[in-house]
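For clarity, chains are labelled A, B, C and D in written order, and residue numbers in each chain start from 1.
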Amino acid sequence: MLHQARGVYIVTQTPFDGDGGVDHASIDTLVDFYLRHGADGFTVLGVAGEAAKLTADEALGVARRFIARAQGKPVIVGVSNPSIAQLRELTGKVMDAGASGVMIAPPSGSRTEEELFGYFARVFDEIGNVPTVLQDFPFSTGTWMSVPFILELVRRHPQIQVLKEEDIPSITKITRLRAQQDRRIAILTGNNAMFLPLELGRGIDGPMAGFSHPEMLSTVYRLHREGQVQAAHDVFDCYLPLLSYENQSQWGVAVRKEILRRRGAIRHAAMRKPGPALTADDLKEIDLLVTRVQRAVAERA
Amino acid sequence: MLHQARGVYIVTQTPFDGDGGVDHASIDTLVDFYLRHGADGFTVLGVAGEAAKLTADEALGVARRFIARAQGKPVIVGVSNPSIAQLRELTGKVMDAGASGVMIAPPSGSRTEEELFGYFARVFDEIGNVPTVLQDFPFSTGTWMSVPFILELVRRHPQIQVLKEEDIPSITKITRLRAQQDRRIAILTGNNAMFLPLELGRGIDGPMAGFSHPEMLSTVYRLHREGQVQAAHDVFDCYLPLLSYENQSQWGVAVRKEILRRRGAIRHAAMRKPGPALTADDLKEIDLLVTRVQRAVAERA
Amino acid sequence: MLHQARGVYIVTQTPFDGDGGVDHASIDTLVDFYLRHGADGFTVLGVAGEAAKLTADEALGVARRFIARAQGKPVIVGVSNPSIAQLRELTGKVMDAGASGVMIAPPSGSRTEEELFGYFARVFDEIGNVPTVLQDFPFSTGTWMSVPFILELVRRHPQIQVLKEEDIPSITKITRLRAQQDRRIAILTGNNAMFLPLELGRGIDGPMAGFSHPEMLSTVYRLHREGQVQAAHDVFDCYLPLLSYENQSQWGVAVRKEILRRRGAIRHAAMRKPGPALTADDLKEIDLLVTRVQRAVAERA
Amino acid sequence: MLHQARGVYIVTQTPFDGDGGVDHASIDTLVDFYLRHGADGFTVLGVAGEAAKLTADEALGVARRFIARAQGKPVIVGVSNPSIAQLRELTGKVMDAGASGVMIAPPSGSRTEEELFGYFARVFDEIGNVPTVLQDFPFSTGTWMSVPFILELVRRHPQIQVLKEEDIPSITKITRLRAQQDRRIAILTGNNAMFLPLELGRGIDGPMAGFSHPEMLSTVYRLHREGQVQAAHDVFDCYLPLLSYENQSQWGVAVRKEILRRRGAIRHAAMRKPGPALTADDLKEIDLLVTRVQRAVAERA
């Protein structure tokens, strides 16, 4: 049951080959890499997964490959789409393929809460009883949801079992949500995990985020669960300069893919066009930051 | 009492002289022109009044001049401002100067209804018991308000005595507002009166709009009140091609000022910079449309 | 060749049946209706065609059906999509199916002209040598294009053969485009034809618009071409109150479909959900406006 | 000369007293605090300085007080305003009061580069030969400026002597600007200094940012200038968890003011309403993060 989700849900990259095609073999090595570093679940076809650049068939193919390789770990599939018909179609296909649920953000350009309630009523009419992650990522969608609005939406739609919280600040919203909830749902946090140890202190169930070093996510999560709060912060702080560097919108995704390539997780670092490409200056900064992280981690150990 | 407002509230232009300074003498002739053509009240310092281009002192000076010349007709002053401190300051000064109330729109960039409720609570804390027109003009502010939201805001703040409704479509919103209101407020409509006879049929109390031919507004309003619905449409339709021409955003304001100049209402047509300037092609179209309106009105009479 | 396009390009509705499925039989009757009333070409899968609510397969099916029924008249297919991969996919399929070209708007959320130039470079790399209508509809996309930007884009990409101009004001932009163009492209105008006779006076090649009474479009176009400018305005003005009523965003589309249903062009008026539904008050207004238009047209004849 | 600006320009807070009035005495202690910690200049009335909540008189009073206390260090005053008339008025008054220059961001809602060029042409016509910082902060203004656009603007207007760069990523933009500039201007970076050591590596002249611990800004700047790049990163990384915590929009400003209060720089931490207020949970996190920073700094020393 998704409302009991806890642990580290990795927001996955989509690997492409040198010609811009989906690199399915790299999906396998990437999943293995994530699992080796402590992944408890996956979220595929998110914003950082370049979902918006795929065809419908490609999207389905990517989701299936991740599901097939996930060794039974839950896979959540991002299905947000301006067209509810396309959202429904992809939802049906990925649930048939074995997904654990779907992730849906409110559409860009939503104007009022009345309209948003109508939107979600329609969506759930269409997709039926599918476990759903509600994504609260206003800086990407342009659509803000207040705490009272989210609570009411959760009240109306039992399908919402997880909230991916990535408004800023997330921490104050988490506290308010936890204090006022009628029904407990899982809260996982995004924003590339920039506030992970504090968010854990506010009562979340884990990160739903991508990072070139997923071992940080799993270690911080585990330490915090064990009550070692300061140790969790210590580990987190070692990685923070690199985490922050990767937290630079789509350009940060290019950085992340380059490091994943260096670590052998994928064969090619390229993003599908149109997308940023790294320069020699950028690569030197990656060298500097990765070296510093490695040294900090080694010193701490 | 502003909640009993009815009739024709003219959204006024702000006249400038050849150097871009406020032309106070033209305010007097403009008010006289409006009154001659049936104005029951005025709304000054609105979007079409170029309020956003004035200094605080200029704005106050314009409001005072309109109030002084209005022969006791109610004058409402637009005081929307990103700064609540500035909003409060102008409100205090224009109410002291004899304004009948102020007009306030929700701020651009509002994110949630919770935030908007907080904004208006703060505003009314600051300005106190001042009769207020709530302006629902989402295409200008970028902030949409649903019917349930507006009704709740009216419930919370007795200062709101008038709604200026200029969402699109306005007509369906008017019907819903009238059907569900707890407390009757006046509803006046903007959008340059593009839907005036239909809005009157939906239960509004009059237009709050600008037009180079305000006699259309007063005649349509009067005929509709007398039950002469088809005649009201007949008059409206005569002017509609010109009305629509003036309904082209800030460029339409330049057209309106040119026609007001031709009719002797103001001395100079110029808008304060930065703003559109009319070309020879534009002036020829104005000739064509004004001539056609005059002929249509003459034929009907 | 599309750059020689002239005449009346109807922006088509997509008919749905009572269950929300695409009503292919109604496409046939709708095309016949448009042709009977003077259509010279068609633009399918536009904003008013509810394209954003369809699946990829449905979109292709709709385009094919229109093409099959169009009696050889050019059919342009709207292919704008946040995903360039999906844009390319649909473009390939509809060109194979016999479309005359595609229509592309700049994506929502475009940030700078540099980014926009990059976007279109990528698009034309992907789709190759396909005749393209550039859609300048900023109120829908949120992306504005200046005259110098459009001219430079036309310079760079010979595929752009038509501009669908629907900024406001359109007229001033048309004059500037015509005066400064290096290469003549066709300019057709949208905005539901709200400014058609004036736009014809500014040098456009015809309307690309939807209306429940397409005979207005073809008559105004023909009269203007014949130099009967005042007569063109006379006809236009007869229909303007209804045209303006239909020019109310997606709600106006619901009105248009209801009138098309009444005229026998389609079987069902419903829009696919989520979308507006008409009330009894709305239907009475349609009665009133349609009756008034019919009378005005009859009186003129 | 402002184009030779280098060093640490502190983006200042505006202190308020318990009743929401400007606390002028706290301005003095705040300036002293900044100077003790290495400030080379000041930027007052920025976004983080709650400028948008002040009246015109209050804004001028705040600017004057900062200038009077700055011991001859340059003070730049943010004058961005939807009204160019108000922008000009404040510019004139603060330059008379001894400001070194003004900071101007492109207005929200700008639509095209042509319009933006026109805006700045108008602004510089109005304010004349005043040294100006161009603020590139698109996440606040909603208006993006590309590198070619900025370079052209700098070319046209010699008044632009400094660029405050706070787009994301800033680093790639800095490299492109430096490589392509015709005329050297100073580049100072904002974003709360989140990328300061990397930005210094890309060729900026210093930070223009606020932080509760300005000694970090001056130490990192000094070390980097001396070629001690790794040491600069070491110091930066000690503070990064707190820096990131303060980098949470307006809520982060509340955090910063609370810490400045604890450090004796200002008497009251409150932001003017409407604004965030800290909870007990928030205050505990501040304790935790400040303690951790102090320990990290001590360990490093």
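Here is the rule we go by: a contact is a pair of C-beta atoms (placed from the backbone, for glycine too) under 8 Å apart; a residue touches a chain by one contact, two chains touch by 3 or more.
Chain by chain, the UniProt names read as follows: A, B, C, D = Dihydrodipicolinate synthase family protein.
Owing to the predicted nature of the structure, the values given are computational and were not obtained by experimental measurement.
Farthest chain from chain D (centres taken as the mean of C-alpha atoms): C. For the interfaces A-B and B-C, the C-beta contact count is higher for B-C. The distance from the centre of chain B to the centre of chain C, each centre being the mean of the chain's C-alpha atoms, comes to 32 Å. Our note on geometry: chain A versus chain B, Cα centroid distance of 47 Å, whole angstroms. Annotation for chain B: no residues touch 2 or more other chains.
In terms of which chains touch, the assembly is arranged so that all chains touch all other chains. Residues 52-56, 58, 82-86, 89, 108-109, 118-119, 122, 142, 272-274 of chain D are the ones that touch chain B when the two sit in their complex. Within the complex, the chain B residues that touch chain C are 168-169, 171-172, 175, 194-195, 198, 201-202, 230, 233, 236-237, 240-241, 244-245, 248-249, 251-252, 276, 279, 281-282, 285, 288, 292, 296.
By the touch rule above, chain B contacts chain A in their complex via residues 111-115, 138, 144-149.
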